[in-house]
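Take this structure first; my questions come after.
A, B, C, D and E label the chains in the order they appear, each numbered from 1.
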Amino acid sequence: MAEAQELVAFCILSMVALPLGVGIGFIVRQGSASNAGMWIAMSCFGAVVALWLAIIVAMPTVFKKNGGENEFEALVIVGLSESAGRSGFFDGVLRVDRVNIWLVGMTSVLSLCAAWYSLFGEGQRVLDYYGWLLVLESGALATFLAESLLVFYVAFEFTLVPLLFIIGMWGGPQRRQAALKFMIYTLAGSLLSLIGIVAVAYGFSGVTGRALTFSISDLLNLSSRGTRLPLELQYWAFLALAVGFGIKVPVIPLHTWLPAAHVEAPTAGSVLLAGVMLKLGAFGLLRMAVPLLPDATRVVGMSVGAVMAAGGIVYGALCAGAQEDIKRLVAYSSISHMGLCVLGLVSGTTLGVTGGVMQMINHGLITGALFILVGCVYTRVHKRNMSELGGLAKVAPRWAGFFVFFCLAGLGLPGLNGFVSELLTIYGTLISARVQWGAFFGLAGIVLSAWYLLTMVMKVCYGETRLPTTASVSDLNKGEFCVLMLLASLCIAIGLFPGYLIQELMPQSRAIAALVSGSSP
Amino acid sequence: MTILVISALLFCTGIVGFCLRRNAVLMFIFSELMVLGAVVASVGYALLWAEEKGQILGLVLLTTAACEAAMALLIIGRIYRTKRTLDIKLLSSRGEQEE
Amino acid sequence: MSVAEFVALLPVLAGLGGMVWLSSPVYVAICFGGILLVIAGWLAINGAEFIGIGLVIIYAGAVVVTFLFLIMLANQTGQAEYERAPNRPVLAWAAGILLFLMMLFSTVWREGVPGLVNRSQMQAQTGIEKITSDRRHVDQQNRAPFSRTARLSVELFSRFFWLIQGSALLLTIVMMNCVVIARLQKDRRGDTNDYSSD
Amino acid sequence: MELAEVAVLGSVLALFLTSAVIAVFPRRWQRWSHIPCVLALFGSSIASLAAIWVGIEREMRIPWRWLDLPGPVTEVVLQFDGFTPWMLGIVNLIAMLVALYSMTYMAGDEGYRRYFSIFTLFVAMMSMLVLVGNLLLLYLFWEGVGLCSYLLIGHYRTQRASTAARKAFLVNRVADVALLIAIILLAWNWGTLNIRDLIEQVTVKREEASATLQIVAVLLVIGAMGKSAQLPFHIWLPDAMEGPTPVSALIHAATMVAAGVYLLIRMLPVLVVSPVALMLGSWVGTVTAVVAGLFAVAEWDLKRVLAYSTISQLGYMFAAVGIAISGESNFAGYVMIFHLITHALFKALLFLCSGNIMHATGGVIDMSRLGGLKNQLGVTHWLFVIGGLSLAGIIPFAGYWSKDEILIGLAKSGGNSGGWVIVMLLGVVGPLLTGLYIGRAYWLTFQGDGAEVPREKDNESLWEVVPPLVLATGAVLAGLVLGPGRVLAGGLGIGLPEEEGVSFVPAVALAFAALGIVSGMMMGRRARGGTPSGWHAWYGVRKAIENGFYFDYVLFHGLGHVLGAMGKAVKLIDEVVIDGGLSAIAAVSYRVGNFIRQIQIGEIGFYAVSIGLGILVIWATLLLTFGMQ
Amino acid sequence: MASQETMREFALESGTLILPEVAVFVSGIVSYLLSAFGWKTRWLIGLGVLYLALGCTLNIWLLVEEVSSTSFFFFNRVIGSMAAAVYVACIGYLCMGWRNVPADVLGEFAGSMAVFAGGCALAMKANDLIGLFVSLELVSMSVYFMLYIVRPSRRGQEAVLKYFLLSVFAGAFLAMGLAQHYGLSGATSYEMVGKVVQSVGPGARAIGLVAILFVVAGLAYRMAAVPMHFYAPDVYQGSATPSVAILAWAGKVVAYVVLARCVTEWWCSGGTRGDPLAESVTLVLWLLGMSSILVGSLAGLVQSELRRLLAYSGIMNSGFILIPIAAMCDASSQVEALKSLVLFIVSYGLLIVGLFATLTHIEGRGDTIDFVEELAGLAERHRGLALMILVFLLGLLGVPPTLGFWAKLNVFLVAWGTHRPIVQALGIGLLVGSVISAWYYLRIINVMYFRAAIKPRVVDARWSASLGVAIVCCAAVVGLFFGINGVAYVLERVVE
């Protein structure tokens, strides 16, 4: 038991530290593209995945099945030195529980895939590129694993820097503007969420009369034992958190940084942006806004938040349907899918919350793969407009096969992972107390996603090739094939055997749902 | 009471003159007038309180004014040697330039 | 306001007017000297003899002469356009007058300056027993009822010892700085480049 | 576990496996791709026939959960009851025949391997759909069937094929949403999705049939309507002809469209509590039967005629749910599956015939360009005749017996619910129209001189004839064997009420069908001679019918345009209002910055004034805030 | 005689406290004299480094010895550490001036740096109005001089003239304000001024407010806060990079610390909510802070000249620093506010000095970098330099992993922790300003990293003293981010 805990703690720390160290090393060191460097980078990405697997193996030992009385049970790694500074600053650094470990897994796998894919693409300054990717991975992992609100915030904001560089240095023609827009917009969002975080922490210390604490575990425990902030404060804090995280998610109308950033980002950047970065916002909602401010979630989240989320489903889908550029289309589809995720998170039902978390993972895998596929085409023919593509199924059947597969996963075909989260979310929403109407938007999203994704498939894969470059395009190479195969097998695995995952997620979702629905305003 | 009014008068005339004049030397003179206002005020208060610290403040102000005058002499003098003008408007090339 | 005070005020006002409206820098400097003299005399009469004389010596002696020197050096005749044309008169006057009103208002408002009421009243008002700052100082004052100037010197060389040192340092440094600046060579790096850009 | 069960389950699993195996076939073995498919289908056919023979009935609960929703809703349940083996049998048998047929039909196709892989998967999905006794799992395979049909319709990867495939998927998706809601509502309210348990609960609490249950029933019917291409969801089916002809045979006969009817059969005991849903299904079926027949009459594309005929026949099956209004849910199920089986036989036959025609003419299927094929394709001609007669319900072909049962059932239950109009429509107008279009199609295709018909090859090859021959045998015999003695009912294990005398309805229908065939042939003959003059007066009506009452325009293209327009509008809003608003904020900041910059003129005097005024402003603010104390 | 005894008494008592300054002043004058008598060598800079290090050490010694006293001067650990920090920064400035100052005035440069540093320390330690004024004048005089000699070109002259005239103008305000404080209280020691100013009745509050306003205005000039900020862009742009560095940090720190002392000791030492004086001081600081933040962030958006842009950034950061000072108006949050003030000042110092040191190194002996565009392509040719600038800019932006993040966060926490809406609004202003200013910091990053150079600047690859300064700052900025626990510990100890 204790050994397992130590093992897990070690794994978590090295998961965050290893990529950070190696990444910074790459960035600082003036190195040309060398095989050794590439191997170091790739083995680092691989090592993170291996560490995650080790944690997964050790998890059952660390946590008892069905966690006992505390659903928010977690393994917490306490600060490096006994809290020296402002009291409560460093109550803990990292935590791992049965929810964030899966998001960590998704992040590590996606990072590996993104890096693996890039192995065959990016030519210049490739080690810098890997350096930034590693740093980004580390930041994202730290965000998911954060125990202190402040560590969360630090990591949350820190991820902006590597993405800025990934977009700005390796992006498309408009990359500079896109990078700036992304950075400033999301920076504004994270600062807003800072207001919320600080307000929550101060609020709890004011209510309990204890010293200021930023420990998520403590706050969650307080909240689940019935400590509530004053309503007024809850509303404002929730608004700050929701808007701040909402920019990151993004919910409409705070989303406009996303298409620009996605379109300009290099493939690996898009993959991680869609796959991981968007989840940071949703995770913030899951960890802070909803369980710590349950009354506000019920009042504000289930009205304004749900309207924004549900509206986003349809809005994003309609926008996606009107796009000509397939990368933009996939970007807008992210808005639509993340809208469903947020809807589930604020629905206040066990199933809805579980579905929301599942949607984070599934959307990450699916959209990541779609961006890789789009990247494959773009590097070959340098075209992304549907009117210029077409007939790719004939010339690149493997590519087309994967493309259709991931589109189907995206539109929620049962048996693939997208359906699981969609069903759970819609189910949860439909049986919720206040956002039943949201389920219909979710259902509309199901239909609309089939519409735009299949239209894209139709225009891109079927028919005749329209350009000489597309007519002679080469099919996926081995590396790309392996990456996509990995993602596809994960999609199928989650789609067919979601049971274990759902069971892992369920207790915490139940607790959150109970918090949101149980207390009276 | 009167002495305070006088000090305020000196001070504000200094401001007016500083803003009004375009000659660098005159601007400096007017800023000295402002300092003089401060001197008068501190001495005036010292008289009102019937004690000496205000006078010391006034004295220090005088000293610093003298020092500033010396610096002014050199700075303005050297500028005149290279620019051949003391018009502050001609010495304002460092404002915002249109892009 | 006594008649004497009013009479003393008139030359000051006149001098100020001259300073503002006369265009020749020389006249302005002379007006400034005149104001200094009047103020110095006025202060001396009112009991601040030391500072009055200091004003004459330092200001009228050193500063005004410096001004005149500078003005002569720069060949200022008051004929140039920029010396006659006022710069943003409306704004300048508005700022000056409003600031004056502000100071006047705050000075004469209700009871006004605490010094204008007597000490005991002030003590009663603030509730502070000993209004003077320093116990030792008070003791000295009680022990040795010197003249004001003498008390000033006592203060200067007791409590304000480091102040004197600081002022001396200031003067020394300024002197040395001035020497250095005056001796700086003209054709230094950057000088030649800048003609083109200006 | 009995041997038959093992065989059935094993064969279904083998189908999945076969599909995977074919998918990873090396490219050089491509032309042998059909072998595993046919073998597996042969095996599964044998297994299901054996199951019919043995007549197993049991429920298997597998201790594994797919989606862990609260309650036992996600338990994997395989349900063997009377219907299952029959359904499996017909699916597998027809699939095997079609696969055999495809061997030659698809020979040389570049996607040969892909075709058989998906084909096998299609059958496997359908088999599982038939087997599972849990609605959520049923939904899984329901969508799986849809996916396979999507892929097969789009097999040729042309623009038209992909459009048709997308249409099929989308139209189904809309209906599936209804099914999904129904599933969620059932799971939420009754805590189970196991069909048996549901039926038990519903039958026990029949009196308390709540509003929710009514809604669920209606939603189920709507979901089935989508899959079974009932009005107004029928629009995808004629377009699906873009796929290879054997695929059409498969979709129309056994796999895709049968799923909707099968769902209704399965859920009949639940639907029974909701007369509204039954009425809805019945009426939709009736109207579909008539209207689709009308469309078929005006259609010139042979395969599309057959497609409309499928819709029409499915309408019959839907209409049959009306029988359950009087509580005869067993009888309704019986007639539905009876007609399903016979229809599968003769419709597959007809499609294979049309496949032969296409082969012979090099892909021409437009009846205005066909004619006189009876000499060229002798066997096919006779096969088509058998299929046509069966379709029209001429005694003693299979179609007659099953339609006969539907009409009798409806006539009996119609008395209680005032559904005589349905009976009239189905018994008089329906057979008339069926006869009309099949007669017309027959004449246009096989009679006449046919001088202008392009000729690719003359006689049919062996494997183009054998499968239809088997089907034709079925189409002739199935009714005779299963119908008169209600053998099928026995096989299904359903006890039926005694037949009370002889109803006159089947006779009327028969007469009208015969009338229809004759006039249809005349119509075809007249049409051959040029534009039929009688149609001129009815131009508007004709146009409307030819365009399928504009369903397609309004529902699909119209909605598509609306969606597209909304998308464009939203995109515009996105770019102009939201992103523009953001840019406006940036622009305003920039302007303000510029304004502040203007103040920085670099002139000391001005700076001094500003400083003075700034101090004044602060002082004034203080004064205004705290008053003149 | 009695007075002589008293003099010795006073001199000794206060003298201990300013021992470092005395030492530095003396050494500074020695260095002036050495230069004046013809010893013109770069080793004078080394000498300057030595005696500034001595000053720093002595301050730290005082701090460790826990000397704390209140007489003509005042000393506590915060003041001691800030003074030490200023000395350290001045060492950095000396290193930066190594190449930029003409060889014949090096001694004077070092000497005047000593006077500057000592003056700053004295001003922080002053416990008497008059002493404060003299110390500030010492600072001013040496700044004029250094501005002049580091870049005695025509542009530089103009900048010096601007700085000088406006400085005298602002100094007059300060003088008037001090005179009025004296007039209000009849005393010059901080303690008495504080006692009287805070207890005057409503009648004298009007003059009290004007006095406060004038003092704030005089100090605001040094920290380049609105409305006294006008000179900053022009002067920064016209001056050499090392002298800008002086203005940008050490010259400001003295004003911050003095203002903080004014707030805590004169105006609000016992300030509570609802206390009219505390409220009005808060409002004054609020107005200054908010307008500085807005002006600094918005006007910076439209700049294309590098030092001008950094001037606006400095204006904005002054606004940020006013936040903890405003928070100090409430006596209950003074300790926390002081901590965050110290942290912010230190972090800002590391960032801005490091940034200017990097720029100085890039400039080398060549032309100054005037436009942001001149940095284009730096990342490709000089990876390390670009990375350092990146770190400094991210720190200014307040993004992890830099100390700037903790500094801003701490300021925000303090602002929020006051539970006063007016200060909380300032905290939100901090965030808004950060977002707006992100645009122009990012533009520099953008130019450095994402744009190819049209005419790449050739950087002297040799090692230089300023590069050393920059590296030290960079390492500290990043290192202290991770060592925030240690920083917090030290802060806790410094601010009792």
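The criterion applied here is as follows: a contact is a pair of C-beta atoms (placed from the backbone, for glycine too) under 8 Å apart; a residue touches a chain by one contact, two chains touch by 3 or more.
What you see is a predicted model, and the numbers here were worked out from it, not measured in a lab.
Across every pairing of chains, the maximum count of C-beta contacts belongs to B-C. The chain with its CA mean position farthest from that of subunit E is D. In this assembly, the C-alpha centroid of subunit B lies 8 Å from the C-alpha centroid of subunit C. Centroid to centroid, with C-alpha atoms defining each point, subunit B and subunit E lie 25 Å apart. The distance from the centre of subunit A to the centre of subunit B, each centre being the mean of the chain's C-alpha atoms, comes to 63 Å. Separating the CA-averaged centres of subunit A and subunit E is a span of 42 Å. The residues of subunit B that reach two or more other chains are 4, 11, 15, 18-22, 27, 32, 39, 45-46, 48-49, 51, 53, 56, 60, 64, 67, 71-72, 75-76, 78, 82, 88-89, 92-96, listed in rising order.
Listed for subunit D are residues 597, 600, 602, 604-606, 608-609, 612-613, 615, 619, 628, each touching two or more other chains.
Counting only pairs that meet the touch rule, the chains in contact are A-D, A-E, B-C, B-D, B-E, C-D, C-E, D-E. In the complex of the two chains, the subunit B residues touching subunit E come out as 4, 7, 11, 14, 18, 24, 27-28, 31-32, 34-35, 37-39, 41-42, 44-46, 48-49, 51, 53-54, 56-57, 60-61, 64, 67-68, 71-72, 75-76, 78-79, 82-83, 91-96, 99. Of all the residues in subunit D, the ones that touch subunit A in their complex are 64-70, 139-140, 142-144, 147, 151, 154, 157-159, 161-163, 165-166, 169-170, 173-174, 177, 180-181, 184-185, 187-188, 563-564, 566-568, 570-571, 574, 578-579, 582. Those residues of subunit A whose C-beta lies close enough to touch subunit E in the complex are 27-28, 30, 79-81, 83-86, 89-90, 150, 153-155, 157-158, 160-161, 164-165, 168-169, 175-176, 179-180, 183-184, 187-188, 191-192, 194-195, 198-199, 202, 212.
Here subunit C touches subunit E in the complex through residues 102-103, 105-107, 109-115, 125-128, 131-134, 136, 140, 143-144, 154, 157-163, 166-167, 169-170, 172-174, 176-177, 179-181, 184-185, 188-191, 193-195, 197-198, going by the rule given at the top. Interface residues of subunit A, counted against subunit D in their complex, comprise 185, 252-253, 255-256, 315, 318-323, 350-351, 391, 393-394, 404, 408, 413-415, 419-420, 423-424, 426-427, 430-431, 443, 446-448, 450-451, 454-455, 457-458, 461-464, 496-499, 502-503, 506.
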